[in-house]
Amino acid sequence: MPLVIKTSFKVDYPKETIWTLITDIEKSAPCFPGAELGEKLPDGYYKGNFNVKLGPMAFNFVGKFGFIELNQENFQAKISATGTDAKGRGGAQGIIDVVLIGNSNHTDVQIISDISLSGSVAQYGRGVGMIQAISQQLINEFGKNLSLMIDADSTTISRADNSVNLKNELLTNKPSNPQNPIYLTKLVWQVFVDYFIKLLKR
Amino acid sequence: MDQRPITICVNGITYNREVETRRTLADFLRIDLHLTGTHVGCEHGVCGACTVLFNGNTARSCLTLAIQADQCNVTTIEGLAYPDGTFSELQQAFRECHGLQCGFCTPGMLTTLTEFLSENINPSEFQVKEAISGNLCRCTGYQAIVDATMLAAKRLREK
Amino acid sequence: MKPAPFSYHCPSSLTEALDLVAKLENYKIIAGGQSLMPMLNFRFLMPEHVIDINKIPELVGVSKEHHQLRIGAMTRQHTIHTSPLVKENAPLITEAYGLVSHRQVRNRGTYGGSLCHLDPSSEQPCFTAALDGVIEVASLAGKREIAMANWTTMYMTPDLAPDEIMLGVRLDIWPPNHGWSFMEYSRRHGDYAIVGVAALVVINSNNCIEKISITLCGIDAAPVRLYAAEKILIDHDASDIAVKKVMIEIENLPDVMEDSLNTADYRRHLAKTMTNRALKIAFERARKRI
Amino acid sequence: MNNFSEFSLSPLLRPEKFTGSRIQRTEDEQLLRGNGQYVDDLALDKVLYSAFLRSPHAHAKILSINIERAVNLPGIRKIYLYKDLPISAKNRLPILVPNPAIKNLMMQEVLVSEEICCVGDAIAFVVAENRYIAEDACALIDVDYEILPVVADCLKALESNAPSFCSAIPNNLAAHVKTNFGDVDSGFNCATHIVQEVFWNNRGSAHPMETRGYAAEFHLASGELTVWSSGQTPHLEKKNLIDILGWDPEKIRIIHNDVGGGFGPKAIFYPEEAMVAIAAHELLQPVKWIEDRREHFYTATQERDQWWDVAIALDANAKILAMKIDMTHDNGAYLPWGIIMPYIGVTTTPGPYVIPAIDANLKVVYTNKNATSPVRGAGRPQAVFAMERILDKAAHVLGIDRAEIRRRNFIQPEQMPYNNGFIYRDGKPMVYDSGDYPKCQALALDKISYDDFQIRKAKALEEGRYLGIGVANFVEGTGLGPFEGATVRIQQNGRVVILTSASSQGQGHKTTFMQICADQLNIPLEMIDVITADTNVISMGIGTFASRITVNAGNSVFLASKNVAQKITTLASFLLGCKVDEVQLIDGFAININDTSRKKSFSELARVSQGMPGFSFPEGVTNGLESTEYFSPKQSTYCNGTAAVEIELDRGTCQIQIMKYVMVHDSGNLINPLLVDGQVQGSIAHGIGNAILEDMQYDDQAQPITTNFGEYLLPTATDIPKVEMHHLFSPSPLNPLGVKGAGEGGTIPAAAAIVSAIEDAISDTGIFLTQAPMTPPRLFEILNKSNIFK
C-alpha cells in the first residue's frame, strides 16, 4: 500500500554538519531506529536490516539501500530502499527525499518518504494510521540520535559497536515514547556508556 | 515441535490425544477426532462457522488452541440431537423452514442458537438476528434461519 | 492461515507467570485470544513463546473496593457484561459491552486482553478512560499503576514493559444519580466502532452540570478525553447549548486519525453525531435520577 | 414468430403431487447432523496437506527462487516449482469459453514460470504432513523479484503511455466488441431529450462460506485418478485435467460431494486443481489443498468492476428512441471465462423496455488485479444499475415520476415473444419467451404503497427523518444450454436412482429432481436416490451456473422419468395380460386396473427387464427400465422481476436502514416454492451486500487491501430485512416443465433499487448517485463535498 509520509526534525547544528553526517551512511544509518547497516555492495548500495514494530507486529525487513541523488548545493538527497520481511510477510520499497533547510546554528531536516508495502504487511488494514504515527516517532528518534552522536563527538564513535547498541535499545524492544521521559534518559545514558566504553577500549 | 498430551470430552466422549500446541481446536476436532461437522470458514473469528460450545458456552474454535481445551467439555453439531438420535427442536425447525442451503454455516448457527435459546425461549425476531449477527451465511439471506429459530422457540415454550 | 510454531507455557500462578515474562524473549501473552489468535493465524505475529494466563485465578473477578470498581484483567467480557455489580455501579460499562463484538467472542475475550491489544476503535479503552481507570501491572520488581490517560504510548502499544503483566483495572464509581451513555457507529452490528463515545454526567436539581466525562474512541491511537469541553460544561445547564459547545470542541480537535477505509472528516462527523446523541441520552438519564 | 412455442402450458403447472409444492429437502437430514461430506471432510488414508507460496507483488519478474531453507524442514514431502511440472502442465491453462473477439489472451500457469501478473499468483507448491508445516515451509522459500510497473486502473490502462500488465501482451486491451441494432443516429437526431451519465460498480467477491478445495487420490491398481472438488462444473474440470495431464479420459474421475456454496467463481478451472492432481499422481499418496480465506481474496475470481458511459435519447413523451453504451470492464489479469460476463452485461441493458436502437461498445481491459468471472448476477447487476439509474435521471430531467417513465417504455405482454435486438451469449437472438413486465412493476408498487410514499416522506421529514424509495426492473437470460443430462433407472431392488452431472452447491437439486421424477412414476420420494456431480455416472455434463439446472437437468429428469414410466407400463402390460393403457403405476407397483389383485412390483419388473440368459423379449419390450435424456433448450428462458425498496437514511452517520423490501419475481413454474423463496431471499442478501457493504479495495499498486472479513463486509443477519416476496407465473414455452432460472434474480436489481432510494432520501441536495456500493463513507464524501453538513 503506497504511503507518502512527510516528517521532519530540527537540530541545533549548522546544516553543513548535518549534511556531512547524514550523507555518510555508515555514520547516519545506525542512528536510524531499527536500522542495521550491512556490507557495502559494488553498486554503492548497502545491505541492511530494518527492524520496526507496527503496534503488535514486529517486522524485520532485509534489503538494500543507498543514495540515488546527492545535491550538495541545495542540500538535497534522495535515498532508495527496498526490503522483504524475513518471515515472508511481504515487503516494502521506498524513495526517501531529504532536504536540509537552515542556517549556521539550526537545521530543519525535512523528509518525504514515498513507501509502498506489499504482501500481508500491506493488508494489515489497521496499519495505515499506525505507520504514519510510527514514522514521525522514528524520525524524531533519528534526529535525537544524530544530535547525540555529534554531542558525543562523531569522529571518535566507532559505528559498528554503536549501531549494535542502538539497535538493542531502540528497536526490537518497546518503541520510545515522547510522553515517557524515563525512557529517553535511558537512551541518552546508553549512548554515553557506549562512547566511554569505546574510549576505554583504546 | 512442542507437543502435549490433552484430555478432552467432546459430545460426552472422553479423548486422550497428543497435540502440537499451535493446533487450533477447530483443526483438532476435524483432523484428530474426525468430527468434521464443525466447519472452518475464515480462520480469523468472523464467519462463525467453527463455533462450538466450550464448557457450555459458545466459542470460536478457530480462535481457541486445542491445548486450551485440555480438561474441558466441548459440544459440536454432532452432539446436538437427542441421545436417541431425534433432531433437537432447532434442527427440526431448520429443516422445516429451509434454514440451510449449502449447510456450511449451519454448525455455527446451530451451536450459537442452542446457547441463545437456552437463555431465552421467548425471543423477538430482532433478538434472534442479533444473536446470529456473528455468523455469516451466504446462501439463505438469514430470514429462514430466523423463522426456524422462532418456530423452535415456540415449540420449546410449549414443551 | 495456521499459526507459526511456538512453545507454549501455561503458568498456574501469577509469580510463575512473572518469572516467565522476565526470562523469555519474543513472547506473546494469550488472554482470551480473540485478537491474538487471528493475528497468529494470519502470521502477522510469529512469537517464539505463547504464555497462556487463562489458568491464573488471581487475575479474574469483579469487586467493589472503597469508591472504586475493580475488574481483574482476565475477567471475561461476557461476565462483566452480565455482572449485576457492574450494572449497579457502572451502567456505562454494561451498555458498552452490548456493543462489543458478538456473544461467542465475549464468552472468551477478556477486559485486560483488550486493553493490552489497544485497538483504537475498541470500546473498552474508551470507557476505561471515561471512568478514570487506573491500570495495575506487576513485574518481579513489584507493582506499578498507570492512569488510562498515560496507558497508550503509541499506536496499539500500551505502556507495559516486557517483564510486566497487567493485573486489573480500578474504575471510579460515579454517584448513583449520574447519567450515562455509550454510543458508537459501526458498519455492522458487533463490528469494531469506527467512532464511539462514552458520556457520563451528574446534573443537580437546577439542571446544572456538576460533573461530566466525555471520551471518544476511533479518533486517535488513544481514547480522546474531551477535558476542555468538560471544563466548559461544569456549572453549565444541561441543555442543547451545552451540547453545541462540545460539538465545537470536536470540530477543533487537532488531528483525527485516518485509514484506508475511513477518512478523518468522516470520523469527525461521526464523533459529532455520536457525542450529540450520547450527551442527550446521558442528560435525560441523569435528570430521571435526580 | 412461428412455432416459437414448443410446449403449451397452463399459467400454473398442472397440479401434481410433489411438483409445485413446498417439499422439505432430503439433503438436510445429514447436513443438520454435521455428517456432510465437504471436500475437506474426506478421510483419505495417508493424506498429505499442502500450501502455495504466493506472490506479494502485483507485477514482477521472478529472478531466483531458493527452497534450501524450506526443503529440509521436517515433515516436508515435496516442493514443486514450475520446472518440476510435467511437460503437459507447463502450458498456460486452456480458456473455458473462447471467443473470436479476444485479441490478447492471457491465462494462468499452474505455477508461475517467470512473470507474475497479480498478487497471489502461485510460485511454489509445498506438500507436507500437515498444513501448518506446509505454511512454515512457504515462509522459508526465498524469492528474488524484479518489481515491474503495475496496471491498477482499467481506464488509465488504455492510455498510450500506460505500462503493460504483462510483458507478453503488447497492450492491455483483451477484447473490443462493438454490437448494435436499429438506427441509433436518427434516434439521437430526432430526440427531444438526451440524458447521459457515467456509472461505476466496484468489485466484490462471491465468498461462499466454504472456500475452494481439492483432494486427489491416484489408484495404482486401476491407474485411475479421483479428484474431489468443491466446484460447480465436474465435466469441465475433467476436460481440463485430461489436457493438462495428457491422460485417457476414462482414467480421470471428478466427484463433488457436498459443496459449501459457489455463486460463480467455483465454476472456473483453477491452477490449484491441476497441481493437486499432479502431486497425488507423482507422490502416490492422496493430496489435499484447502484454500484459506485470505487466499480466496487473492485468487478466487471476482466481479462487478466496470465503468458504464450511457446515453439515452427520448422523445417528448419520455419514450426511449435509442441508446449508446460505452462500457469498460476491469478484467484483472486473466480471462478464465472469456468475455462472456461483460458481454452478458451489455446485452442485459435493455431489460423489460422497448429500445428501438442500441449502439454498444465494450472494452475488456487487463489490469494486475485478481481475474474476474461471473459472480451471482454475472454482469447483469451493473447493466441494470446503468439502465435503471439513467431512467431515474431521465425522469428527473423530464420532471415525471420514476415509475411512470418505466411504465411508458415497458414491453407489453402481447408483444411476447419479444426480440430485444441483441444476439445473446448463446449465439441466438435475445427473444424473451414470456413475462408480464407492467404487471410485475405494478404489483411491486402496490405492495410497497408507492402512491402514498410522498406523504410518508413528508411526514418523516417533519420529524427530521429522511426516507427514500427506489424501484428497479430486470430481465435475466437463464436456463442456458447446451444441455445437462440425467439418467433415471429402476434398480432390481425396486428403488429408483437418478444420475446426473448437475452439481449442487446448496440449491437442493436432489430434492427438486426427486419431486419431478416421483410425479411421473407416481411413487413416494423415499423410493428415489439421486447421485449428482460424478463424472462416472453420466458421460457428459456442463455444470451449475447461470441459473440453468432446473431448466436443463430438471427437464431431462422429467423426460427420462416419462420414458421409464412408458417402459414400465409396456413391460407390465405383457406380464399382467392387459393393454398398456390399463396399467396404472401406484407406489412402486404396476397394477392391472381391471383386476387390481394383479400387479407387479418395480423390483420384479426391473429383474425381468434385465433379461434371462437365452430368452428373447416379447415384441415391443426393450431391455432395462432406464432412460437417459439430454434436454437441450433451443434458447435461453428469460425470467424477470421488480425490486421496490424503502429506506431511511441517517445523515448523522450516512448509514441506511432498509425499512421495506418488496420483490416480485417471475421465473415461470416453480418446482419447489420453498426452495425458490430461499434462492430469491439469498440472492437479495447478496445484492444488498453489493449495494451498501461489499467493497473490494485495491491500492494504486494493485495490492488488495481488504483481504479479511473485518474489512470486506458481508451482510449479516441484522443487515438483511425480511423481504416481502411475490411470484408471478409466466411459464416458459421453451421447456416441458415451463420453468426458468431463479438463483440470481434477487441480486440483479438490488443495487439499482437501493441506490435509487438513497438518492431519493437526499433529493433536497439534487445529487445524482452513480456508484455502487454506496457505502456510508463513500456517501459521506459525496454529501460532504456538497456542504450539506456545514
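As written, the chains take the letters A, B, C and D, and residue 1 is the first residue of each chain.
In the analysis below, a residue touches a chain if its C-beta (ideal position, glycine included) is under 8 Å from a C-beta of that chain, and two chains touch if they have at least 3 such contacts.
Not measured: the values here are computed from a predicted model.
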item	value
Contacts common to chain A and chain C (chain labels)	D
Pair exhibiting more inter-chain C-beta contacts, A-D or B-D	B-D
Euclidean distance of C-alpha centroids - chain A vs chain B, Å	50
Chain B-chain C separation of Cα centroids, rounded to whole Å	29
Overlap residues in chain D, where contacts from two or more other chains coincide	132, 139, 292-294, 699, 705-706, 708, 710-711, 716, 718
Shared-contact residues (touching 2 or more other chains) in chain C	1-5, 38, 42-43, 188-190, 260-261
For chain A, residues contacting two or more additional chains	1, 87-89, 120, 125
Graph class of chain-chain contacts, one of line, ring, star, complete, other	other
All touching chain pairs, where touch follows the definition stated at the start	A-C, A-D, B-C, B-D, C-D
List of chain B residues in touch with chain C within their complex	1-2, 4, 20-22, 24, 27, 43-45, 48, 51, 54, 57-60, 62-65, 67-68, 112, 115-116, 130-131, 133-134
Interface residues, chain C side, partner chain A - complex	4, 39, 42-46, 117-120, 150, 153-157, 159, 161-162, 221, 257-261
Residues on chain D engaged by chain B in the complex (per definition of touch)	24-25, 27-29, 31-36, 38, 40-41, 43, 74, 130, 132, 206-211, 258-261, 263, 292-293, 505-508, 674-675, 677-678, 681-686, 708-710, 714, 716-718, 720, 722-723, 746
Chain C residues within the chain D interface of the complex	1-5, 38, 42-43, 185, 187-192, 260-263, 265-266, 269-270, 272-274, 276-277
Touching residues (chain side chain C, partner chain B) in the complex	1-8, 10, 30, 33-34, 37-38, 40-42, 50, 52, 54, 78, 101-105, 107-108, 188-190
